[in-house]
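Here come two complexes built around chain A, the first alongside chain B, the second alongside chain C.
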Partner chain A sequence: MQDFHDFYSRLLEDDLLRRYIPTLMILFLLLSPLSARSLGYGVSFFGQTIVEDVDLTTSGVEFSLVYKPYSFKYFNPSLIARTAFGTEADGAYRIPYVQMGLSVDLLRTINHKFNFLSGNVVAYTPALMGSVHFDPRRDCTLFSLGFSPFKLSQKDFWYEFFSGFVTYDLKTGEMDTWGINLVRYTYLFK
Partner chain B sequence: MKQKSLLIAFLLILVLFAGCTNTRHMLSPFVLDPAVSLETKLSYYGLPEVQITYPDVYYNGNEWKDRLIELVQNAEEYLITSAFLASSAKELEELYETLAMKAESGVNVYFVVDGIGPFDMTETRLHLIPIKFLTESGVHLLEYNPISGGRIVSGANLLLRDHRKFLIVDGKYLAIGGMNLNYISIGATDDNLQRDSMYEFFSPELCEVLLDNFVPWWNTQSWEEIRREDFSVDYSTTEGKQTYRAWYMDQFPLDKKASGVYGSLLAEAQHSVKVLPFLPFLDKHMIEAFRLAQERGVDIQMVIPFDKRVGNRKGIEYMTKDLLKMGIDLRIEEGNEEQQALLHEKLMIVDDRYVVIGSTNLNYRSFNLAYETALIIDSEKLARQVTEHFQQIYAATIPVTEEMAKTWRTFARFPRFLFAFIGG
Partner chain C sequence: MNKKLFLCSLLCILAFPMSAGYFDLAVTLGANVHMNERDLDPSRMKLAWGLSTGLTDVWEFTVQVDNQLVPYFFQDASISLLTQRTLFGQRSTGSRTAGVGINTLLGMGVMFSEYREQGTFGLSHVLFSVTPLTVGSPVMGKRERLLTLTLAYNLSTGGIGILFDLIKYDFYLVGSYKDYL
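Here is the complex of A and B:
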């Protein structure tokens, strides 16, 4: 785990990651039409704080990878990996978390009040997510629980607004972190 | 620094798409092999052979609109329509009201339109009324790959577009062609009305093919899932009527089908090819395929439209220097910015026998980045009819010369060419 932490520290110190992220993003977006279907990727804007250390409050961009093998009407599962990249209070660029876990769409309905937001029929699919949450700055592993109350789904896109998450230290049973994703767009290759 | 990054990003897009072109299939040994029959080649590229009746051809958008309204009014069970551009206008109110009325009366109306519609920059933009109101009447409206801030996340996928134009009514009436459902295609009553074509005919076999393609495609796009068995086909429509062989192409983005099909047709040509390409942004493989056919002694005539839209026209003019490498009889319409109605038609006639109609422009975008339809009809009678139409257009053209092409090859035209090559 220390190696992992050192690796990211070196990247950040050299400023490499920050400089090359826009290029990597452009390449990723360009290559996406050639990719396999049923996988997806997402971009989100997040803010999070650590209860015991507000200096580690971070905001920035979160990237995610999604694998959605099924399309059940109730309790539809997806495997999701996420990593965030943002600035702390002192302006330093950091990776505050890497998450990997299971997201479950609790239900899917097209009879709801949000259809005015889209030209096409969009489904309301509120989701719960449980994941392993790794904070490379503190080299600690936590359990994260997230909820997307305003998740709208099309066959090829997810739109999530005001999704919140909290993390718990399973050893102490105490809440460690809380955060919010203001908006998250996920594109599924289909 | 920002300018450098933008330039690098743009060049990356060009390299990526130029490198991924499917048009190399136009020159594949299989396509060029004279020992392989056209039927075998079309079958290899997944084109089903069907029988169709002799088509009624509509060259006037207003006449097609009137016929369309009539077809909609007579629909009893279902109606499926697909168009690249569709929006209402004062002149199109009757059509859209009829569609809404039909949906309200219980007819299943499926309406597909490409998501680029709100960015329609033709004359239609001055007459554009969005058609989302149709959903209030129960029309099943699907906007393919809409363009919005959030969807920028999908990156280069935003370049993939649904350019198909077809109509199915009750498994009985069929129409395929190049006309959209917007103001300049079927609404305008002056020079803003485009010159185009729609072909209406009967073909239960093609209805089956279209429905077999449409239902699963719709279900990959919409939560309002439909079942194939809910769409019946009327087999009585061709009874006692003469029919003709035809092959139907349903091209998906990034597919090699259009390249294989058009390459095979050029390789099949023995003495003549007549082409209306609409936006002639051909890449090097397409140019080479035409050049090879011409070199074999095939007489090829291609008419480039005069485009009133300055951006497109300058892009096309820039392209002519490359088009001349084909060595064909390359013509451009004589026109002026004030009066010319845009020639939006897509047509290819091979050896006075095969007539190729549909939505497919003869260019890089249609062959690589779009859903397209094409119908290859084996009918000398129809070939004679559309050749007459082609000759009327040809009569009002002038040859593109090396001097003209050289004059048009300016750096100022280059950005318009680049934009039109990918986006045109």
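Here is the complex of A and C:
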């Protein structure tokens, strides 16, 4: 709980977040068809490491909340909040990150080579995600860029394999963290 | 070099029907974690891949390679050879009739790796494995193996490691319904 309290405190202290993100989120929600099949949750198996401190390498389970108001064929947006829970190299349990950001499905097509993965026809929807990444252990806020090259979508499910993300410290411009989500399952309900 | 030669030889043997009677051949892809031996293997996440072939209707043989992903991307690899038996019926009937769609696997085998006192690649562990849940079958063309737990007795240190595979997918190249149409 202390981690979350610190996280919110940090958010409130940050001028950029205080000014722009709530406004953008309200606009996004107001423009959305709320009755659509649009809310969901996800579970993932993740591993992530910090470039300058390998001892803070973590693996475990990641949980996500998804809001997908539209179903555009190209550049379909979703709001996603994620948090991870796992063990470090010494076996200690930690929350290595909390992320909140915008994911965009670059395209949606059923003409692809991955239909053998599913019993039903699935759409191929590779996605890019940009998000605010907060590391409660180090009390630092970073910018995260994620790519999900093998994302398959059905009406109720997303299946993602070999997704990756990197985080950058916007002050120094240097890469701070990288991570992989080997599998992620997201269930969408109303 | 020896490691690659060994792996290629093994894959070649499995890829061709040198012994009559096998039912099926699958490519495996999934996730692996090696726990309880952090001094030998500091990895936090591995990619599991390999081949699985049916020896009889209830026995199968699996070759699994685990490559470290985090924190050092593809820095090392271990190779596991496992013989496994289904506990709840036929995994495949070798005909257009599918085997049991939900099953449990119990197996044992060995692992070759660098996780030894010497630090060189070689026979390192004896494995005892249980996969509590498999969904699918060779005849269906796909199978998911869930929550595989393997106790690994380290022949070099005498310690016990734990291998945990959250999920693995088997995609059948031979022995699926397409071969029995």
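Keep in mind that, in the parts below, the second predicted complex is superposed on the first by the 152 of 190 C-alpha atoms of A that agree within 3 Å, B and C clash if a C-alpha of one lies under 4 Å from a C-alpha of the other, contacts with A are read in each partner's own complex, and residues count from 1 in each chain.
We adopt the following convention: a contact is a pair of C-beta atoms (placed from the backbone, for glycine too) under 8 Å apart; a residue touches a chain by one contact, two chains touch by 3 or more.
The structure displayed is predicted, hence computed values, not measured ones.
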Could you look at A:Y67 and tell me whether it touches chain B, chain C, both or neither (first, second, both, neither)? neither
Touching A:V54 in the superposition: chain B (first), chain C (second), both, neither? second
By residue count, is chain A touched more by chain B or by chain C? B
May I ask you to decide whether A:I180 touches chain B, chain C, both, or neither, giving the answer as first, second, both or neither? second
If you stack the two complexes on chain A, which partner ends up touching A:I110: first (chain B), second (chain C), both, or neither? first
For A:F157, select first, second, both or neither according to whether it touches chain B, chain C, the two together, or no partner. first
Determine where on chain A the residues touched by chain B overlap those touched by chain C, and list them. 119, 183
Could you pull out which chain C residues touch chain A in their complex? 30-31, 33, 38, 42, 44-45, 47, 69-71, 141-142, 166-167, 169, 171
Quick check: in the complex, which residue numbers of chain B touch chain A? 5, 9, 12-13, 16, 20, 115, 132, 141-143, 146, 150-151, 153-157, 159-160, 220-224, 253-254
Hey, which residues of chain A end up touching chain B in the complex? 22, 26-34, 41-43, 108, 110, 118-123, 154-157, 159, 183, 185-187, 190
Chain C partner contacts - residues on chain A that touch it in the complex: 45-49, 54, 57-59, 87, 89-91, 116-117, 119, 179-180, 182-183
